[in-house]
Amino acid sequence: MFKPIGLRVLVERVEEEAKTASGIIIPDNAKEKPLEGKIVAISKEVEEDENLPLKEGDKVVFAKYSGTDITIEGKEYLVLNTDDILGIIE
Amino acid sequence: MFKPIGLRVLVERVEEEAKTASGIIIPDNAKEKPLEGKIVAISKEVEEDENLPLKEGDKVVFAKYSGTDITIEGKEYLVLNTDDILGIIE
Amino acid sequence: MFKPIGLRVLVERVEEEAKTASGIIIPDNAKEKPLEGKIVAISKEVEEDENLPLKEGDKVVFAKYSGTDITIEGKEYLVLNTDDILGIIE
Amino acid sequence: MFKPIGLRVLVERVEEEAKTASGIIIPDNAKEKPLEGKIVAISKEVEEDENLPLKEGDKVVFAKYSGTDITIEGKEYLVLNTDDILGIIE
Amino acid sequence: MFKPIGLRVLVERVEEEAKTASGIIIPDNAKEKPLEGKIVAISKEVEEDENLPLKEGDKVVFAKYSGTDITIEGKEYLVLNTDDILGIIE
Amino acid sequence: MFKPIGLRVLVERVEEEAKTASGIIIPDNAKEKPLEGKIVAISKEVEEDENLPLKEGDKVVFAKYSGTDITIEGKEYLVLNTDDILGIIE
Amino acid sequence: MFKPIGLRVLVERVEEEAKTASGIIIPDNAKEKPLEGKIVAISKEVEEDENLPLKEGDKVVFAKYSGTDITIEGKEYLVLNTDDILGIIE
């Protein structure tokens, strides 16, 4: 299992189809675009930070070029700084 | 529903016609230009910040190239950092 | 009415003639040049800041390229960060 | 023995084969890629920092171009700032 | 009258002849060169700052390209940040 | 005698032969490479900083292009900021 | 007399001959080189700073391109930020 450290979370990207289902469509223009994903692991620091309402399972929207890709057991994930998360889809 | 996190709000842009009605016209020159919008969601952090007089429904003016566009259920919105909001139209 | 937020004030530029009358002339050289204006609205944050002696009606001098232009009900104004205000004309 | 100082740890890179075994595969694209290693020494500062859950023997993932290479007794290591460590493989 | 705000003072430049009289000559080379002036107004913030030994009438030395020129009632002055003042001539 | 001030130490570089003896070999590639030296003087500030385990006689590893060369009584030394010291060889 | 303000001291450069006498020789290479001088005036702030062991008469070593030249009564001096002083020659 991958456990992020610092103000970071591990995110599983949401597939294009899922994205349409949740109602978030990314406009195709020159501006920075957000993407959608699901948090699968959070650091102890995020867990203990009362101002960060982030937990495993949350669907989050983040800026397109943020984070670092990693592949764990053949599956792709993204390690994101919590600052790059714009909001939560409730 | 989209819930912003950190010092961010979700804003619905005001259409050109509405903009004229509210009395705000953006001059057409080389300087940075503000735009007008309506706050539709604020983060818990903004809500609890006593120095930020921002709430849902407020009409705000913000710098032109600030924020990140997102489309929720077919409608376009803007996620704005509160620092990019210049003022409120009362 | 436009109410600035954060450390910002709304300023009405002083016309060239008025500027001459108040005794402030901007030298025409390569250096950064200040301009003169009148404060027409201040944020709650400026109002409550004891170290900022700024109030509505004050005539202020500010750097030339600072601030953001906005037009309210057909009249041009400038939203200025208080840091860009060099001083007050008393 | 090499003892790091400041917020630094000494890391032994994990070989390509070991990397596959642990399930971390680095995708081959243009984005910044993380690598895997094993902590062999930590500074006193890291040791005493309660918010940094890092100890000798931990397998960590870090950004590709971070850290400084050193060779101790013929073996290559990496001195990493703890900020460059994305997470721990548990 | 012009009253500076923030950590700023209003300075009247000293003429070339006066400068020679006070013993300060600016060497003509490629390095940043200080200039001499007399403080004619200080902000309330400077006045109340116990660590800033600056008052009206002080002769100060400052870096050549620092400050903003303003002309008040036909006379040229300089608005200087206190950080740009290198020292006082006693 | 040279006494560093601030967070600085005076370091005597270790010769190439000595470096091999201590087991530190600098790999010859494009990345930033650390070098080895011996602390010969520390500032009072370093001495009193409980988080900096540095004392005279310590063998330290530092980044290649850090520090300032000085020659004291015909011998070359390096004045290093403590931040540029990666670790101690024990 | 020139009295520095802020974290600054007034330094009289040591002549080339004196420099050799004190044992400090500046190597002639591409790196940043320190120079030697004698403190002739310190600011009140430096005087009261217990962590800054600098007083009038101290011989100090500083980086080559730091400071601002000034000429007082025909004699050249350097106004130095205390951060640019590497150490004291005791």
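Which chain is which? They are A, B, C, D, E, F and G, in the order written, and residues in each are numbered from 1.
Convention: a contact is a pair of C-beta atoms (placed from the backbone, for glycine too) under 8 Å apart; a residue touches a chain by one contact, two chains touch by 3 or more.
The shown structure was predicted, so the numbers you read here are calculated from the model rather than taken from an experiment.
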Rotating subunit F onto its identical copy subunit G by a Cα superposition takes an angle, to the nearest 5 degrees, of 50
Centroid from C-alpha atoms only, then distance subunit E to subunit F, rounded to Å. What do you get?
42
Where the centres are mean C-alpha positions, what is the separation of subunit C from subunit F, in Å?
53
Which parts of subunit B, given as residue numbers and ranges, touch two or more other chains?
none
If you go round the ring from subunit B to subunit C and onward, which chains do you meet, in order?
B, C, E, G, F, D, A
Of all residues in subunit B, those that touch subunit A in their complex
1-6, 8, 10, 41, 43-45, 68-74, 76, 79
Touching residues of subunit G toward subunit F in the complex: what are they?
23-27, 29, 31-34, 51-54, 61, 63, 82-83, 85-90
